[in-house]
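What follows is a set of structures for review.
Both complexes shown next keep chain A, but they swap its partner, so chain B is in the first and chain C is in the second.
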Partner chain A sequence: MMAGAEKFVEADNAEAIITRIEHKSRKIESLLKQNKPVEALKTALEGSPPMTRDERCKSANWIVVHRALMAIKDVEGMFSSLDPEYYDILMKYLYRGLSTGDRPTCDQCLRIHEKLTERAGLGCILRSLADTVNTV
Partner chain B sequence: MAAVAVHQFAQCITCHAWSPDHSMVAFCPNNNEVHIYKLLEDKWEKVHVLQKHDQIVSGIDWSRRSNRIVTVSHDRNSWVSKLIRKKHDSSVTSVAWHPNNILLATTSTDGKCRVFSTFIKGVDTRESKTGSSSDSKFGEQIVQLDLSFSWAFGVKWSPSGNTLAYVGHNSMIYFVDDVGPSPLAQNVAFRNLPLRDVLFFSEKMVIGVGFDCTPMVFAADESGIWSFIRFLGERKASSSGPKYGSQFSEAFGKLYGQSKHGLSNDTVEPSRIRGAIHENCINCIVPLRKEGFRTKRFSTSGLDGKVVIWDLENYEDLSDYV
Partner chain C sequence: MANTLRLYLTCIRNTLEAAMCLQNFPCQEVERHNKPEVELKTSPELLLNPVLICRNEAEKCLIETSINSLRISLKVKQADELENILTKKFLRFLSMRAEAFQVLRRKPVQGYDISFLITNYHCEEMQKQKLIDFIVQFMEDIDKEISELKMSVNTRGRLVATEFLKQFI
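And then the complex of A and B:
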């Protein structure tokens, strides 16, 4: 008898997920043009990570999140309008960013990591490391 | 000072449990044995050594009604005068008797919390009120809770047995009501290091212990919603800021490549800064009773080899919950 959080299930096929991510990407570009980087980041983080084991989908979602992350100029300001419900998923993507080794990406991710850890605590880091099921 | 007594029983203690009258204490000294000590003429003497497991004993519970000891181990077995063999997919980390003395809850590094029946025909009496649990055979699994994507630890029942709590290695604590076919779970995330064990002080208050080396208090409000209240001891609940003590300051300083995290806090040991009594992870917390009744005292043991006794009498702000 199982109970509690959803078990890992392939929600849709890869094509449907990629289509959704493409749609998300267009919305993010539009928000960035309107100078709304925090809204763009929220949009990118919503529905993340995609419920799939398909690496192409995960990479496609990462590209979209990365775009939004790199567009943030005022990190402190971002946190004053980012809801705490996004903290855990944001932390996971920061670690993906740090793992790329790309200098500008790592610089930006470290900047945000510092502020996020201040806000969300070490527990947030633990949750991003301990969850080996919902990986980004 | 919040601690009433400190005993150094071993170099390192995995878990401990008190006998119903507190004249004896059983603990695992970080190996596959359980040592039982008895207080004889003001001195604690070793009276028994149990060798029922092949690997480290990670949980002990001493039943109040029947004086039975149950032990669980990384060898994936639970031992209650009889073996509940290999019902878990990984190490069993913790165990707790339900107040009805028939149900047993366990947590495991496979992330799950399981509830078993230990009904032994001829030994236990069927209570008509307990319903389905009293129809079960010894070792039968009643419920499996799969709330954590990470190792699970520290399961305990509330005094009435209506609520169950356990923790995950992902800095989460889970509160479950209506443990049965349709359980109601609350998943509470917190900002600190993970917990290893919990204790119900009342239906509405739980104390958790773990890697922050200082007990954490959680409570439920009038609508039954659980949240973190405060730390016990000298350390105050910090709501913001990277005030984690010297061992993290230096590490974060290197990560962010800045000098501002510097060495200002590094001259004193972390435990002194935080006023923590335990010097390492606390991995076990149990209640202390007087003549069978709960008191405001409890004991903790940890990787520093200490057993510390605490008294909640000193905390007036918590008197509403106790």
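And then the complex of A and C:
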């Protein structure tokens, strides 16, 4: 689905992506109200536009993922219901969260990082370091 | 509080274990030269994404990797002016003796207190696990050292002041 918008994302395509992100953010708010933080995180992570060069899209998506991440209380439970295909993209967002320097964000990200490394292994970390093309 | 320290050090340890995959790579631009690519940053294809791990607003750790070298820069927690001065002096003392440490960088990266530069040669001579243990142990010990130094400064100040003021009693 995202393969079509691969090489070059023009300005108008960026607008389309931002509207999609806003739509996603509303869906996530409703999921969080229904007390389903893991579902909210999955929605935030899938359809991440890693192929965009546009900083605004990346920031907009980060805000959405951040909201879902901070709502997670039970980290172990989250991993039991999260599919492995999301591990790599989650690791990239965790590093983005750790670079913010904001105390509650960093606490939460450090907690999830430890558990994610146990689950996914060092390969996951290395993929997030080595992927210079699809950054978040 | 101690828990975040443990998580912070675990995160750094895991990231270092993944990032410390160094191999020999002679310079592409100049014949017969072998330079740590992370310092020069001339070829983007040789560099990995730099990673910034913050524990809070004051403490952070920047890990930059390349094909043959890895640079770790630390910013240590400094609560007040006194700790600021003590940290600066103490880490300057260590950086001056970087030869003895081998993996220490003589000048810290801009914005940080101390930096390490680990090259593939270090990984060949020394064990990767031991290098990582050294870095993490260093981070733990720095905090202890600085608080000890601060306490001894305060104690000495108090003693000196008491002795001096005794003559006025």
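By definition in this document, the second predicted complex is superposed on the first by the 122 of 136 C-alpha atoms of A that agree within 3 Å, B and C clash if a C-alpha of one lies under 4 Å from a C-alpha of the other, contacts with A are read in each partner's own complex, and residues count from 1 in each chain.
In this section, contacts are C-beta pairs under 8 Å (C-beta built on N, C-alpha and C of every residue); 3 or more make two chains touch, one makes a residue touch a chain.
Note that the structure is a prediction, hence the values are computed from the model and not measured.
Once the two complexes are laid over each other on the shared chain, residue contacts for A:134 go to chain B alone; chain C is not touched.
In the superposition on chain A, contact of A:101 is made with chain C only, not with chain B.
When the shared chain is aligned, no partner comes close enough to touch A:77: not chain B, not chain C. With both structures placed on the common chain, the touch criterion links A:110 to chain B and to chain C.
Once the two complexes are overlaid on the shared chain, A:126 sits against chain B and chain C alike. Shared-chain residue A:88: touches chain B; no touch with chain C.
In the three-chain superposition model, chain A touches both chain B and chain C at residues 110, 113-114, 117, 122-123, 126, 130-132.
Contact residues of chain A toward chain B in the complex are 1-5, 7, 88, 110, 113-114, 117-124, 126-127, 130-134.
Residues 4, 7-8, 10-11, 14-15, 17-19, 21, 44, 47-49, 51-57, 60, 65 of chain C touch chain A in their complex. Of all the residues in chain A, the ones that touch chain C in their complex are 95, 98-103, 106-107, 110-111, 113-114, 117, 122-123, 125-126, 128-132, 135.
Of all residues in chain B, those touching chain A in their complex are 142-147, 149-151, 168-172, 174, 181-183, 185, 187, 189-194, 240-242, 244, 248, 252, 255-257.
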